[in-house]
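Here come two complexes built around chain A, the first alongside chain B, the second alongside chain C.
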Partner chain A sequence: MENTLIRDKLTNILKSIFIAIKRFITSPTLIYTIRRILSGLFTLTLILAVVTALIRLIPDIKLYDVRLYSKLAGTSVTAAENYKIVQLFKYGRVDLDGNRIPVIRNILQYIYNALPIPKSIPIRWDTRYTVVLKYWEGFSYLGTSMDTNKLVNEMLAERIGVSFRISISSVFFAYLIGYPFGIAMAKKPGGIIDRLGTVFIVLNYAIPALVFFLLMNKILGNPSGIFGALNLGYFYIAGDWRSLIAPVFSIVFLSVPGIIIWVRRFMVDQLTSDYVKFARSKGLTENRIMYVHVLRNAFVPLIRNVPAAFIFAIIGSYYVEVIWGIPGTGNLLISAIRATTPDVPVIQGLTLIYSAMSMIAFLLGDIVTVWFDPRIRLTHKGDI
Partner chain B sequence: MNKRNWDKFSLKNFSEFKDVDIDGQNSAVNEDSLFKFVELDEFKSEVIKVEPYSYWKSVMRTFIRKPSALIAIISMLLLLLAIIVIPMFTPEGFLDFSIADKDLPPDSVHLWGTDLVGRDLFFMTWTGARKSIGLALITSSLVVVIGTGFGLIWGFYRKLDPIFIELYNLIANIPALLLYMLLSYVLSQAFPAMAAEVRLIISLTIASWIGVARFIRNQTLIITNREYNLASKTLGTPPARIMTKNLLPYLLSVIITQTSLIIPGMISSEVAMSFFGVGLPSNAISLGALLDLGRQKFELYPFQLLAPAGVLSFIIFTFFLFGLALTDALDPKKHR
Partner chain C sequence: MKNKISEIFRKFLNIFKPTKNKVVRSDDFEQTTYILDDTDKIQNGETIISVKNLEVQFRVRAKVLTAIRKVSVDIKKGETFAVVGESGSGKSVFTKTLVGMLEENGNVSGGQLLYAGVDLAQFVENKDWLKIRGKRISMIFQDPMTSLNPLKRIGFQVAEVIRIHRGLDKKSAKEEAIKLLERVGIKDARLRYRDFPFQYSGGMRQRVVIAIALACKPDILICDEPTTALDVTIQAQILELFKDLKDEFGFTIIFITHDLGVVAEIADRVAVMYAGQILELGTAEDIFYHSQHPYTWALLSSLPQLGRNDEDLFSIAGTPPSLIEDVKGDAFAPRNVHGMEIDYYKDSPLFKISETHYAKTWLLDPRAPKVKRPKIIDEIPERVAAIYTGGDL
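Here is the complex of A and B:
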């Protein structure tokens, strides 16, 4: 008797689990997510292909030291040729016999290397490039920097931490400030807070970002200036969070208006909607309507916009990293592009990382929206 | 009837009433004389006294009436005057390196002082500003023309959607500044003979047109199924004609709004690229290069940074304010 009871219970549990799994698998969100990931991977492949092809536009002559080549050619032509071939080989232009490698193979090779599958890739040869001395073992191989001879994976891993910290904290503070401000403005459209806020927004938009960052660096960092007592410093010091205050503040200051405008517009729209009218006719106080009814609805679109803010912060971090001398990814990119011989693997790796991050951020924004608001159905067509 | 007419009318009546004897003794007065027949003029009644609504006239009126727009117009005129006139009167040798004149404070000869290689900052900044604004105007018009063209095609032919969306994803998912830099860098290496300005224009255009195209596409999608377009389609109007005669005039105000807001962004991008050393060459006269030079000795000579920074802020502010005022004026809802 008891056995059958337990068996019944078990089958019930199993059934419900099965139903849950079935619902999960057939849920439109999951299907949408998978499709988005697949199409995102396709786009990422395209981006890599385009960037690789673009870099192939750089003529061969820029990739090796012509003076060294002619100097070597003075003593022996083969030595000079060998030098040239080795240099071009590093950039994937020719193979070790001197035959040209087509662009498409470059692209495929890069994508194969970047795919997260276990592989071993030769990274170090002897001086005559006949014997491979060292293989790289791992999953995604993004190449070796031409400048520092370090693995791009390691360089990125070293540098992305601080960039990420800056972006995350600036997005956090921007929302922390912008959100209440937007609500306060929406509460009384045309009121004094609203007007002051509008002036702030217009002035803020009118300030060129670069000028603002430069001035903030000089004003906040000046040890004998107004903010000298805070001891923020002109430059970033590793491990000292105080030196991040000035750059994060600058990014926050510039990204707050976007949030304010958006929150305000949304709130004002909502305040004329039917459910607010109904709540008002029920006799609820304005504050209760604002903070309980409207705010709950405003939360979903808020989350949807976080990725965009995050991307803005990442882009803003180029300026900040160069001006405050922060060893992040933005700084790495600028130095890779400004180098005399192009640091192609670093540029490619950063493009990959940046594009993947922005795609993931936008996808996460959409998924979280659905998660918080089940009324929203995601479809793949038509909305970009 | 406005107030003045009414006054006349009542006065006239009053003088007529003076003749009227209240006691009725002088009853010879003809009651008919108190009334005057208004003749029906067929022609006059057809004339509409109210000025017919004209969109562009209303735009002008709203634009001029706003105080912020007036400030924008005045500062825009000042700016244009400054960038045209000031570089023309540059004294000989003021834009050349000279060690003797370096790091001078502002005085009567060098109005804003000199930079750390001895060039006059006043003339340097305004010459740089002219270059930046010129480049931004060229780039913005290119971006708008290309973007609008492709946007119309994108919105009109729905079958092209997958291609354009993929293209959009491709361009939009690479952070803008990275894309500018990459394009500018590759172009500089692949075509060393190309002028830096051309390179800058090409890379900014390639990276930005898709944003405008997407915007126009969304606008086109909204209006493309309106009755008048449907009628044109049914009547067999060729697509090119629908696009240019039906859609484009309708979108013109939005396009102008977009353009006015793109220009300051383009100036900022150009300056940022020159600042990072991937735009104009560092020995060229540009605001970005000046900013980079100026920040090196800011503590000692703050003017070296403040001069280009101030001018750049003024430029962006003017263009931004102008764009805002234009956006307001172009919105038909605000025409009253």
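Here is the complex of A and C:
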């Protein structure tokens, strides 16, 4: 008797758990999220294909040292040819017999290598390229740098940290300053704060970024200048957070106007909207309208914008990294492109992570919107 | 140090302080004492709002636009007072001044707005208005789709006002809100309490807006074209709801519309507005059956409900004058088929026709020639009777 009661209870609990799981799995929001991830991966593949194909457009002659080639050719044509074949082989253009490899194989090979599945890939041969001396074992293989012979995976891992730190702090401070400022401007369009803000934005846009960065480097770093006491220095010193103040400040300064403009416009729209008028006519105080109604509504678009802002900060930090000598990804990209023979694996690797990060950023933005905005949140048909 | 920081913080917060209220003192400024608590003592039919020589101006770039030009009118407790007029005639501006919600660039530049003896035109601070808005005078705006916060639950938005104005705790505010929602005709109010506005239809949202406006049992409910955005059946239901609620709660309605058909449904008294002035004022009967002003005639003639199938629908030629310059003479003169010489250089006074009925046209001057009213105006009683008996026109 008691047993059946307990069993009934248990089955009931199991049933409701099962229903909950089923609901979650079939929830349109989850399906949407998964669909977005899949389409993101597809786009990523496409980007890799295009970049690989574009790299194939670089003529062969740029990929090996022509002077060395002719010097070798002076003594032995085969030696010269062998040198050329080995070079082109490293770029994936020919196989070791000198037969050309089609672009499509390059693309597929790269994608296969990048896929996070366990694999082992030959990375070192003997001088004649007949015996493989070393295999790389792991998941995603992004190639070996032509320049340093280091694994691209490792180079990226080494360098992304500092770029991340700079971007995160820049975005954080830019929002910290831009958000309240934009709100203050929107509170009183045409008022004193609004006008000052407008002047700031116009001036800010008028300064070319590069000039500004160089100026900041000189002004902030000068030990005998106005900011000398702060001891910020001209260059980045690993492990010294003070040396990041000047570059972060410079990025923040230039990215604040965009945030201010966006926030101000959003706020003006909200503050003149009908629901705010109605809230006012209900007799709510201005503070309540601002904090309980308007600012809460601004939350979703705010969160939505942050990931993208962050990515743009990472990608856009070339100047800063070069000027302050910061060993980040921006710096790496520039040196990879400027090398005498372009460091193709590094370029490809950076493209891969930049695009992957952008995809993730936009994906996060959209998912946040879908999960938090009730108008967009996709509901079960029967729920309404 | 701590004080300093808190002061800086307060200064920072001041950025978020209410924007200044833009009420300019009238010439004869006298400190009025608050007797707002006495409004209950005002009997039905006694004046609750008395507007005297009200003038409202807006700054438009370097120019001044006079949207309300010396309007005087008394509104009686318990009546439904309709304001009709073309777009741009100043209906909304007129009502916004009653709750101190003119836009930043506008101000009351003259006259008085007496509410139970208190001159609202003297209010300078937002604090003063907070005693009026929502509690004493509530306002419903034209568009029910956008009057609610899209990201807050319906229940929250109704309970919010109850909690703030009546000081109820969360739980009893919720019960009260559900009662109110049911009263305005939301079915399953308890179940749909946590819905978001987008899950409600336009008509339901309008009902919610009405519930919010009535949450604190205001003396006066201002409705600015509350049914314009709704389709005809819903519109009729909402008007019916207004009538029911008015009987139950006993508030005064100021109803703005450009639809005379709606006025006929609901109004006790009607003011016809044009270019910031009241051209004709009277009971619904005065306006519909004994109108004296050519503008009212024109408005009535253009009513589709009164037209016969064999007649062309009348429309008023021309456009209203610009209010940026001083209007010389009678603002309606250029469009007036019965216009006279004098209309162009001297504005007409408001002539008293009966105890309840006033019109502002030189045609009422004894020296003016007698003009014949349009046939359709004379036939209104018969035509209306025909509508109600279901007969064909």
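Criterion: the second predicted complex is superposed on the first by the 364 of 384 C-alpha atoms of A that agree within 3 Å, B and C clash if a C-alpha of one lies under 4 Å from a C-alpha of the other, contacts with A are read in each partner's own complex, and residues count from 1 in each chain.
In this text, a residue touches a chain if its C-beta (ideal position, glycine included) is under 8 Å from a C-beta of that chain, and two chains touch if they have at least 3 such contacts.
Computed from a prediction, not measured in an experiment: that's the story for all the values here.
Partners chain B and chain C, once the complexes are superposed on chain A, both fit on it without clashing. Rounded to the nearest 10, the angle at the Cα centre of chain A between chain B and chain C in the chain-A superposition is 60°. In the superposition on chain A, A:350 contacts chain B only, with no contact to chain C.
Contact with chain C, but none with chain B, is seen for A:287 once the two complexes are overlaid on the shared chain. By the document's definition of touching, of the two partners only chain C reaches A:193; chain B does not.
Look at A:278: by the touch rule set out above, it reaches chain C but stays clear of chain B. Counting residues of chain A touched by each partner, chain B versus chain C, the larger count belongs to B. Of the two partner chains placed around the shared chain by superposition, chain C is the only one that A:183 touches, whereas chain B remains out of contact.
Of the two partner chains placed around the shared chain by superposition, neither chain B nor chain C is touched by A:261.
Applying the stated contact rule after C-alpha superposition, one finds that A:50 touches chain B and leaves chain C untouched. When both complexes are overlaid on chain A, the residue A:363 reaches neither chain B nor chain C.
With chain A fitted onto itself, chain B and chain C come no nearer than 10 Å, counting C-alpha atoms only. Overlap of the chain B and chain C interfaces on chain A: residues 384.
Residues 180, 183-184, 187-189, 193, 273-275, 277-288, 290, 292-293, 296-297, 300, 373-375, 384 of chain A touch chain C in their complex.
Residues 12, 15-19, 99, 101, 104, 126, 129-130, 132-135, 138-139, 141, 143, 146-152, 160-161, 164-165, 195-196, 198-199, 209, 212-213, 216 of chain C touch chain A in their complex. The touching residues of chain A, when paired with chain B in their complex, are 39, 42-44, 46-47, 50-51, 54-55, 57-59, 62, 202, 205-211, 214-215, 217-218, 222, 311, 314-315, 318-319, 322-323, 333-334, 337-338, 342, 347, 350-351, 354-355, 358-359, 382, 384. By the touch criterion stated above, chain B contacts chain A in their complex at residues 161, 165-166, 168-170, 173-178, 181-183, 185-187, 189-190, 214, 267-268, 271-272, 275-278, 288, 291, 295, 298-299, 302, 305, 309, 312-313, 316-317, 320-321, 324.
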